[in-house]
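First, the structure itself, so that you have it in front of you.
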Amino acid sequence: MLLVLARRLANVVPTLVAVIALVFLLFSVLPGSFISGMGEDGRTTIDPAVMERMRKEMGLDDPLPERFAKYIAHTAVGDLGKSFRTREPVTYLIGQRIWPSLKLMFAAMAFAIVVGVTLGFLAALRPGSLVDTVSMVAAISGLSLSQFWFGLMLMYLFALTLQWLPSFGYGDGGIMHLILPAIALGVGPMALLARTTRAAVLDVLNADFVRTARSKGMSERRVVEWHVLRNALVLVITIIGLQFGSLMGQAVVVEKLFAWPGVGSLLIDSVFQRDMPAVQGCILLIVLFFLAINTLVDIAYVAIDPRIRYGR
Amino acid sequence: MPSDRFVQGEMLMRILVWSAVAAFALMGAGVADAQQAQTPRKGGVIRMTAPYAASFGSLDPQATPRAQDDIVNKAIHRTLYNWDTANSKLVLELAKSVSVSDDGLVYTYKLRDDAYFHNGRKMTADDIIYSYTRIMDGKKGYPGARYIRLIKGATDVEKGTAKEISGLRKIDDYTLEITITDRVDPGYYLFSGSTAILPKEEAEKPDFASHPVGLGPFKFKEHIPGSRVVMERFDKFYKPGKPYADRLEVLIMAEAAARDVAFRNKEIDTSILGPAQYVAYRADPQLAKGILEVPEMFTRSIQFNLADGGAKPFKDKRVRQAFNLAIDSDLIIKRLVKDKAYRAVSWLPPSSASFDKTMKPYAHDPEKAKKLLAEAGYPNGFEFELTTSQNESWGMPIVEAIMPMLAKVGIKIKPKLVEVTVLTEIAMKGEHQAYIGSSLTGPDSLATLRCYYSKTPRTACNYTGFSSPAFDKLLDEAGQTGDMAKRTDLLKQANNVLYDEAPVWFFNYNKAVLAHQPWIHGLQANPTEITHQYPEDIWVDATSPAK
Amino acid sequence: MTLIPIKLMPRLRGGTSLWIGGGLVGLAVFVAIAAPLIARTDPVMDANLMNAEIPPGWEFPFGTDAQGRDIYSRIVYGARISLTVGVGSQILNSLIGVSLGLTAGYWGGWWDDFVTALTNLMLAIPSLIFALAIMAILGPGLSSLLMALGLTAWSYSCRIARAQVLSLKSQGYIQAARILGYGDLRIMFTQVLPNILGPLIVIATLGMGTAILSEAALSFLGLGIRPPFPSWGSMLSEARDQINTVPWLSIFPGVAIFLTVLGLNLLGDGLRDILDPQSTTRRS
Amino acid sequence: MTADSLLRVEDLRIALAGDRTIYNAVEEVSFEIRRGEAFGLVGESGCGKSITALAVMGLLKRPLSLGGGKILLDGEEIQNASAARMRMLRGSRIGMIFQEPMTALNPLSPVGRQIAEMFVLHQNAGWSEAMDRAEEALRQVRVPSPGRRVKDYPHQLSGGMRQRVMIAIALACSPELLIADEPTTALDVTVQAEIIDLMAELCAAKGTAILMISHDLGLVANMCKRVAVMYAGRIVEAQPAEAIFAKPQHPYTQGLVDSLPRLGERSRRGQQRLREIAGVVPSIQAYPAGCRFNPRCPRASDVCLTTAPAITPLPAANSIEALVRCHHHG
């Protein structure tokens, strides 16, 4: 167990360093300046003298290697610098966004898992049936949908036409505001999970040990409960992990559409305002999250699959 | 029918042009009448929207130059002057009276003695001195510095050679003397949100930006970054009986499509409308009742780069005039911008006192344009690169519409699409042949026209690199005179010079449109920025669904 | 069971999705290639503001947009852009992935370590975020878009190529070929490439759908390809404010994207059953 | 039908649904197993012997299905029995061992639990009691230190050990019939004999009959009293084990016997067992007309190409005991 973790971390650290370097280099050549004036429908005016001063203050005119060295040194001790825009520490800025982001992701993933895995399961248990056909057509359609388009449709249907749910925003952080963005974000992973689960369960149902289980005189239900579920889970959990890990990045579109105060909307806002420290911080967090989730998945494997636990 | 359109346009112009004041009175009349019939209700919740970005930059009003942030700052903070929307002029906000010295450089203010900060302390002259000095902290690069530099000795503080601004003198707690360096109305400078007056004891706390304390009618309660700011009524606000509402929420909604749904779903009280939604809302009998229209002080134009880095043809005045003649601007405004704009005549908007009511915009005359081009030596036209953003009102869609029109006189456009943040930088560096954009053209007409003054550097705002001795002379004279009427007249002449020289394609002046719910009253038609409302005047009646 | 395994259901499914998917994709490709022949007007220059926003009808089958341009013609030309984005980015991805994977597996050593690290790096940054960063740097436009989507999703093809080389290596094929005097390049092309072509095609097909959707997402975020030349994603994204007032602006590009991506996904599924039978649905 | 008949299969037909046609994967298969008796079913891969076993278990899966015929267990017709009834029979009265001990066990479940399931399912045992009995079952199949092994996962056991676990599972509820489908094929030759002996010994002790399915005629003949040979979905010959070796009647059986080395060398040369019959088993879509063996048959004549041979009871035995399906038998 510890060995797995250690091996994992040994992999994670260089990746993280590389990401930091890459993100820094990418964004240090970004054209446009955070203090440019034409943002916000041309409503913001900027004094060029102030601009110069701020560039100096933020060290933007220093040579690149020097800035890079500084950035790495600071990042290593958890200091992501100060946002150009708000003048607050980036860690603080991001800290405010993590909880809404996590909430949205967990809700979206819960939706994806509950609906996707269930559909995939039902489809696999009755291959070729109506349930199978309908859910697989739904799944492949879900994968073919433009996310913002789908979100907008949800908004029109559930907020405007049916008036069941609020259309946007975070509200007081209650569940009602969470539902629509979570579905919009979750539909992609849901579709993928439905397909994966179906394939995985079909795989397992064709496995020899399931035939053994049947030869024991077990009811289908027990076959599924005792032997199919866990084995299918091993296959499904990879996809869950990959999806969950990249969800923070995927959420950009949904967060922008629904004005959800997560890391994704901070990122896109910061990109447009050229707030480099915030952009770098957001991407770093997104990558970190991905790596963390994948490490968790590895640990989950160890818990579920004895073959890994005993180091095969 | 072109003639119909023309008549319509002319009528519209006449109404506007008559005087800005009359225009505003007209626009605001419906709202005002309805309000007078009812007494403002105390209590309730106001839910405004912040449409320009997905977050607020900073709630420290001095630290941000952004229109988005000022929506909140107008509620929490106060500046020495304010823009009186109803009368379209600057008024004293934190002072009761002011006297000006004969040379027009020394202003003595009698300050309010009833203005309290949200922490309960009364505002004095020291607070204003502190606030202005804070803005000039050279290490911080506060955006308001450009305004405070008007005060004598401010730049010394900025450079670090002085600790105090010599032009600020406290006479007693409620009397302040300000010495300025130019004969201009300091109100144009000291009404900007980034010159808000802050209490020292709060502003020096490290978390001030997340717990702002000010003089405004509402005090800060909660900020969910990226989502909303919630404020509560400040009971010791200096205007008696105000504010009306118990609570003010400013909800961030940058996505227009989502805002539309939210507004129709009655989740928000106000929403900024783009051209497409403007049409839809006007067509809906219910929604049409809640539309507030304002001619904003923004001029949309294509700025030609007349310097050596630009396209050579634009150096010829006739080419620039031909450009203006070749485009059917009225058609674009009517069909594409959906009448959510007023046809531009010259650079200054009609709300400016220096706007010449007798001037008519360039006509749509492709034949004359061809003739001018031929005279200038381009009988077969030419090709140039037009830098543009994606903005729906002054970006790519407009370019797409003028492309075929210009093609008819032989001018070919190669559009170069960039982001808005990059646009300004390109303009500042002069790396463009021409760009299409939007410029703030008020309320200070002198400052506005300085953008075509030959000594104004490109980085400041002379993006065209325009240089005309006649224009310079008019502007010099206008700056030197203390006679406001004379100044107005000189600026009018200068504006007309611009019309003739056509350093830009005069496209339109923006019509800002704010949709509002029927239960919200007292909204102001602010021509500098329609989302900037003084919330103490707004109230909601009992039909509001918000609790 | 000692009976020859006959995968009856998968084959039937593969068949149906292959046909439907192939049909949809074929239609899109045809439209793209034949655009100048079947379009009614020029998608950019034939703007006539007098015709703005006319609903679908006899004169304009899909209606007109705010500039008065024929939406049908724009959709037809838009197919070129959207498919270029899809195909171009996948060719780029495959080229990068295969050459990195082949060389890494073949030469091994520090190069292999480097490529593996790079692959892990690419997997760790969500591709939308990566594309967004590249778009922000290069600015909107077709070539930036091709770069943004073509440089960010090669890790799968890289892994497949590398694994295939390693497996051939372990079976001694490569040594044998060397002994026969074959050059490195020749071995890669004749021994390795044919073996991974199947999975590569499947990945590229599914990747094209993702690329077209990413293009729409980037357009929505304000970083896509932008007019005057139309892409479906940008048309859809621009029309979103008018969904309930001028619905045809968004319906047609929306349907075009949906059907094409659906077609690519179905085709990918079908091809997988034929070309890459042992793989389970591993995709993200 | 004999009085002590345990399993009787009559005219069994197994249908395979193809793209357009339905094929008969198995047809006209009849045999009988008596209580406590070991019966062998021999044939090459694809001849239908395994699906015959699955048909008996009621475990045929699409595209396979029962096409006709009767299966009687202890006189009870079970070919159309309800799913619930079949579940009761499976495990408790018929046990089955599969070929691949590696994949036939759930990799994520400790072997003890997989045995204990049998007691929970069929004998209403609680889990803790069942686990104790699983340990006992492991001891019976001679797994060393069964107390520790119950908690082991399949991948921690060797192939032979795993197959012992399979036997423990199959025999846990002392069934009347054990179906062993190539139980030793995947094992090392040295382990093969141990497993066969263990099976034989335990079955003898419990009075369990065995249906032994294998491609290895030698192995089957060694263990079973009677042997049936299948080819391309049909039984082509059935005889007592000694008789098969002594007087193989069908040319296919002849080939099988000829390909065997003398007893004793069997296991070493077993790898090459069928090489000496020329040709391959035809695929189900391409069964030849007439006798299905005719393309490979040294004795094939014109009649073999057109007419399927009928069953010929062999003298010296009743129809169940011995038969051959050949125009030119002998």
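Quick notes on this one:
When the chains are written out, they are named A, B, C and D in that same order, and each has its own residue count from 1.
Here is the rule we use: a residue touches a chain if its C-beta (ideal position, glycine included) is under 8 Å from a C-beta of that chain, and two chains touch if they have at least 3 such contacts.
The shown structure was predicted, so the numbers you read here are calculated from the model rather than taken from an experiment.
The chain with its C-alpha centre at the largest distance from the centre of chain C is D. Of all chains shown, A has the CA centroid lying nearest to the centroid of every protein CA atom.
Note on chain placement: the centre of chain B and the centre of chain D lie 90 Å apart, centres being C-alpha means.
Measuring from the averaged C-alpha position of chain B to that of chain C gives a distance of 44 Å. Look at where the CA atoms of chain A average out and do the same for chain D: the two points lie 52 Å apart. Multi-chain contact residues of chain A (touching two or more other chains) are listed as 31, 152, 156, 256-257, 268, 272. The set of chain B residues touching two or more other chains comprises 257, 418-419, 422. Across the assembly, chain C contributes residues 9, 136, 139, 222, 240, 243-244 that each touch 2 or more other chains.
Against chain A, the residues of chain C that register as touching in their complex are 9, 17, 117-118, 120-121, 124-126, 128-129, 132-134, 136-137, 139, 209, 213, 216-217, 220-222, 233, 236-237, 240, 243-244, 250, 254, 257-258, 261-262, 265-266, 269, 280-284. Per the touch definition, chain D reaches chain A in the complex via residues 57, 59, 86-92, 95-96, 98, 100, 103-109, 117-118, 121-122, 153, 155-156, 166, 169-170. Chain C meets chain B in the complex at residues 44-50, 52, 66-68, 136, 139-141, 222-223, 226-228, 238, 240-246. Against chain A, in their complex, chain B makes its touches with residues 52-55, 57-58, 60, 63-68, 138-143, 145-146, 209-210, 224-228, 251-255, 257-259, 261-262, 264-265, 267, 298, 389, 391, 393-394, 418-425, 428, 437-440, 457, 459-460, 529. Those residues of chain A that touch chain D in the shared complex are 207-209, 211-219, 222, 226-227, 230-231, 234, 304-307, 310, 312.
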